[in-house]
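Look for subunit A in each of the two complexes below; its partner is subunit B in the first and subunit C in the second.
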Partner chain A sequence: MNGMFVHLPLLIIMIPFAAAFIGPLNGFLFRSWIRRIVLIALSLNLICSILLALQVLSSGPFDYYLSGVAPPLGIALYADYLGACISVLISGIALVAVFYSAGIIPELGERRTFVFYVLLLLAIGAMQGIVFTADIFTLFVLFEIQAISLYGLVAMRGDGKGLLAGYKYLLIGSAGSAMILIGIGFLYISTGTLNMHLMAELLPPVSGSYTVLAGLALLIAGISTKIGLFPLHIWMPEAYAYGPSIFPVISTIALKVGVVAIIRVVYTIFGSSLAIQTIPLESILALLGAVAVIICSILAIRQVDIRKMFAYSSGANIGCIMLGLGIATIPGVEGAILHMITHTTAKAGLFLCADIILIQTGIRYVHEFKGLSKAMPYTMAAFSIAAISMVGLPLTGGFMSKITIASAAIADGITYYAAILLFWTLLSAVYFYRILNNAYFLEGTLSSTIREAPLRILIPIFIISITTILLGFFVEIPMALIRPAAGLLLGGGF
Partner chain B sequence: MAVIYSAFPALILSIALGAALIIALFGERVRYLNEGVTIAAAILKFLLVTLLYTSVVGGAVWLWTPVTLLPGVPFSLKIDLFGIYFALLSSFLWLVTSVYSIGYMRSLNEHAQTRYYVCFAICVAATVGIAFSGNLLTFFIFYEILTLATYPLVVHSQTEEALAAGRKYLTYLLSGGVVFLFAILLTYTITGSLDFVNGGILSGSGTTEFLRILFFIFLIGVGVKTAIMPLHGWLPSAMVAPTPVSALLHAVAVVKAGTFGLLRVIFYIFGIDLFMEIGVAPILAFIASFTIITASLMALSQDNLKKRLAYSTISQLSYIVLGAALLAPTALEGGIAHLMHQAFMKITLFFCAGAILIGTGKTLLSEMHGMAEEMPLTWAAFTIGGLGLIGIPLTAGFITKWYLIGGSLDAGQPIFVIILLTSALLNAAYFLPPIYHAYFFSQEKKETLERRVSWCIKAPIIVCAIIVILLGTIPYAPYFPLESAHEIVRQILGI
Partner chain C sequence: MTILDSGFILGHYNYWVAIILIMIGLYTMMAKRNLIKKFIGLNIIETAIFLFYISLGDVSGGIAPIFQKESGETAGNTILYANPLPSAMMLTAIVVALCMTALALSFAVLIYQQYGTLDARKLMEEL
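Here is the complex of A and B:
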């Protein structure tokens, strides 16, 4: 293995962190440089992620020991297929989002835009760390870094609603963090190690004890607050509605990172011991997922604010991913990971479109969309493509991941979950139909001064749209990473 | 059978898609571009499909599988005889309807013409995609595109009524699509494949009960587009669309996509042997008969001409289903030929309805008394189409009904002869009175209004009416539907 490639996992984590600290250092002198720094950092990050993915693909997963000290004493990073895959997703979507939000974010002003980007870099660095770490305490620390950055981002606008949303997020998130920490403590007491792989080896003999089970329950519950799994999704609508600019895009990635943490806990740590367990954890996850899919979709239909609607839709999609994970077969986990990718892409597209529509026209409610397709045809075209993917209709990524999960459910004999997933198509069609029908087929009273977004904004949006469509066709490309990832997770844990 | 691996089928698809793209980008700015591009694409496409037809009739099968979608299921374009048969129908009628559209849209000075032409082109591309699909997943992809692309055409007028019809349309078709997808995934899970294979892929997998349930899930899924009762509710409502849309899409492309899909499922997924074995054919035949009779009865009470035609379509589509359910080669041949024969008859009638709307502004049958004098040509064509659907000899409808009746006798089920004859009587009951009133109810001398109707509209009507006569007088001529239907049935049954 080439010497440079060995350090890639650490490099991917450190680039955003380093940039986050370089930013303030020179930023007080050259404040306008911050966006360039972010762009350069995230571009480098994307290149490193892709290189790592290629590396993992060609020569398999590998460990990286910080300072060369092996566990149990040292801290290990583990570059596997899942981590590499989600890492590319994080860097890619974050780069497009930052590319989109060029210059000063209007609602924040110059000074706070600067802070916004610094917090964003910290969050991205933490996310990259979470997907690669093999140490459960490091996982907690990185979760905290990510969460605190995100609380700050939500409240960034500084008005009442933003602050309240940030505060709500902070309360629920802190409770979650506390549970994660206690859960880790319980597992540490039982096994004496913090390294996930060692823990997985040491757990089976003690896995029946209440300490371990309580630890598992606390971990799952804690991480569920981070990923907004129903009924712990309650922070999401307001955070999405009142968070600034591209915050929802970053948050969408953060949700997927939380799902990776759930995968690590359920499959990497407990994977081998759950087989001899009496607790049907997987079917509980699947049930929670199915409930989230239905209830969040119904809640989404009732929303009039599109950002809140999309937040509930995210809740439903997280449910779909949990459902896929809960099926606990290789196709099910494959579908779940694929859905993480397709949903993030489509949702990023939706939020970018929603943001530029808000900036250009001030529209945030469904009924205000009337006639918008004439004023902003290109934005609405991209919006429609993302919406079609969210609904899960053919020729988009969302369709492919949905049918993968549904066919996995059928193969596993739980046909009713497949039926729920397909029924969900209709539910999500209802709320997207309302927006698109308003935009395309109803005459509105929009002022004639509304202009289409500038080309600089449209390019990143189109990149997302094209990716969404390509994912519906060339699904084999992400699958090259996802297949071994699922195989690895289910075949022995790590 | 020679398999030719080539991207040529995709090229044919991309003609209509390319036309849609060009119109979408430049249609608002360049005058006559909508019409010009549509006509050019329609001609080009028809020529290429004809070219392919000659190749496929010669025994070749075209195949193109660029990417894998699910393990074992590629995106597959495969052109066999049945596929090219359906593609030929839709591409020829697209050409005719394009000419008609130009006349219609200009005469009524319709709004949003660019959107109309874009969606129309996408619909036709999707129809050809459906015809060329090599497996169920590819089929489903185009099937859903067709659903989505038709919606803007249904709500074209953007009135309250149109939007309500559009909602109904989407509700029915998306729900049907979801059920269809469920059936597809069930099939995929138990067989690991979704290819259309002569003789089916399901034999030997699953119990008889399971396969029966699976068949009915499929039937509900594709039955919505086929408009079998009680899943037909969207079709009469969708008649608020502009007439060319009703003519091409709701008499031919969309509904026949459903019928075509049903035949594909029966003969290429289940396979004729398994279909017989699980014993669902009598139930299917019953549902088809029920639809034939009930829809005809409902057609009687419609005063709106297009709605009456819509119920007639529902009834006629089930002829094709019945042809498949009777499990007799003759009936199947009749059903497959009816796919094409009925298309020409029904499109003639719809074209006439549009011409009447343009010429006189009337849509209700009760207002059309004595109108034959005002619009002699249109009513002559209408008479031909109507007589055809009744099944009067020397028209296209007679031939296929003859085959269907012969088939039900072959199958030893004379009850269906009674159904078919009753339906013919009912057809006569709802087509003959309007024709009679139009010709013999004129009180005073009227001047002809037909000059208001442009030749863009009259020409397609004349062409289609002549084809209806030709199909009825020389049905066995080379390249006519019966020849292909015969060959398709031979392939399906493996004779």
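Here is the complex of A and C:
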């Protein structure tokens, strides 16, 4: 293996962290350079992620030992198909989001924009770490770095509602972190190691004990607060509604990273214990997911603020991913990972369009959208493409992932989950139809001063829309990584 | 050994202390209406977790894990050391908990400046 490629997992984690520390260092002199630093760091990061993905694809997963010390004593990173795939997703979407946002975010002002970008870099670095780490305590520490950055980002505008949303997120998230920490302690006393792969080898003899089961339950509950799985989604609507400009996009990536952590816990650590059926986990995850899908969609229909509506829609999509993971067959896990990609792309498009509309016109409620398609045709076109992918109509990425999960459910003989997914498609069509109907088919009383956004802002949106459509046609490109990822996670062949 | 055996309960008293403290912390988080008191509840939970981890590392009869050259083991003289890893982990976790506390208190100060109250029930109506 080429010498440089070996260090790629560490590089991918360290580039955003290093940039986050370089930012404040020169920031006192050249505060306006921060966006350039972020763009350069994230571009480098994306290049490294793609190189790593190609490397993993050609020569298989590999371990990276920090300081060269092997796992029982040292800390390991593990570059596998899943990590490489999600790493490209993280740096790609973050790069587009930063490319979209202006040099000085209007609602934040110069000084706060600077802090915003530094926190964003810290969050991205922590996310890249979570997808690659093979050490469960490192996972906890990185989760905390990510969480503290995100709490700060939510409250960044400094107004009352933002602060309250941030405090709510902080309380729920910290309680979740405490649960993760206890869960790690329980697994540590049962196995005596913190490395995920060693833990997986040592767990099967003790996997029926109450200690291990309690540890698993606490880990799942703790990570569920981070990903907003249904009963613990309550921080999401306020955080999305009152957070600054591109925070929802960053949070959408953070949710997927939390799902990767769940996959690591359930399939990497407990995979071999699941195989001998001591833990009825599949049914629990799938049931939680199905409940989240239905209830979050119904809550989304009731919302009038589109950012809150999209937050509940995220909750439903997380439920769908959990459902796919809970089916626990190779097609189910493949569908879940594919849905992580398609949902992140489409949701990033929706949030960016919503942000443009908010900045250009001040519109944030569904009933105000009347006649908007005439004033802002390109933005609404991109919005519609993302919405169509979210609903899951054919020719978009969302259709491919939903149909994969649904057919996996049918193939596994649990047809009612496929029925729930179909019903959910109907529900999400209802709330997106309301927006699109207002925008395209109703005459509005918009003021004539509303204009289309400038081209510099539209380009990132077009990139996301085109990616959303291309995912529907060239689904084999991500699937090249996802197939071996699912095969590896479930312990089967490729 | 059943779970109600008195020997079992007394033999695991460190776990019981941690569990009782976690329950007190959870109750404080849910029942108290003041935002700072809610966070104090979380701090109690975190402290309980630190105690739990540190008691995990203890080996009965073990000494502090500091290796000295002259006191190296000989054939009949085995030295028991306590496990240093949980304590090391807790150093990191204490730093994390401190960051959280600092962030939460600064949020609370700003919220008080904006709304003039820290009552969670009144504040959640604002949201």
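Simple rule for what comes next: the second predicted complex is superposed on the first by the 489 of 494 C-alpha atoms of A that agree within 3 Å, B and C clash if a C-alpha of one lies under 4 Å from a C-alpha of the other, contacts with A are read in each partner's own complex, and residues count from 1 in each chain.
Here, a contact is a pair of C-beta atoms (placed from the backbone, for glycine too) under 8 Å apart; a residue touches a chain by one contact, two chains touch by 3 or more.
This one's a predicted model, so the numbers in the text were calculated from it and none came from an experiment.
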For this session: Classify the contacts of A:Ile410 with the two partner chains as first (subunit B alone), second (subunit C alone), both, or neither.
Result: first
For this session: State whether A:Glu476 touches subunit B only (first), subunit C only (second), both chains, or neither.
Result: first
Exercise. Looking at the overlay, does A:Tyr188 come into contact with subunit B only (first), subunit C only (second), both, or neither?
Worked result: second
Problem set entry | subunit B versus subunit C as contact partner of A:Ile466, first or second or both or neither | neither
Exercise. Which partner does A:Ala178 contact after superposing on A: first (subunit B), second (subunit C), both, neither?
Worked result: second
Exercise. Which partner does A:Ala165 contact after superposing on A: first (subunit B), second (subunit C), both, neither?
Worked result: second
For this session: Tell me which partner A:Ala70 touches in the superposition: subunit B (first), subunit C (second), both or neither.
Result: neither
Exercise. Touching A:Val304, do we find subunit B (first), subunit C (second), both, or neither?
Worked result: neither
For this session: Determine, under the contact definition given at the top, whether A:Glu144 touches first (subunit B), second (subunit C), both, or neither.
Result: second
Problem set entry | Complex interface listing, subunit A residues touching subunit C | 137, 140-141, 144, 148, 151-152, 155, 158-161, 163-168, 170-171, 174-175, 177-178, 181-182, 185, 188-189, 194, 238
Problem set entry | Of all residues in subunit A, those that touch subunit B in their complex | 388, 393-395, 400, 403-404, 406-407, 410-411, 415, 418-419, 422-423, 425-426, 429, 433, 437, 440-443, 473-476
Problem set entry | subunit C to subunit A touching residues, read off their complex | 22, 29, 35, 38-39, 42, 45-46, 49, 52-53, 56, 85-86, 89, 92-93, 96, 99-100, 103-104, 107-108, 110-111, 114-115, 123-124, 126-127
Problem set entry | Of subunit B, residues touching subunit A in the complex | 67-70, 75, 137, 140-141, 144-145, 148, 152, 155, 158, 163, 166, 170, 174-175, 178-179, 181-182, 185-186, 188-189
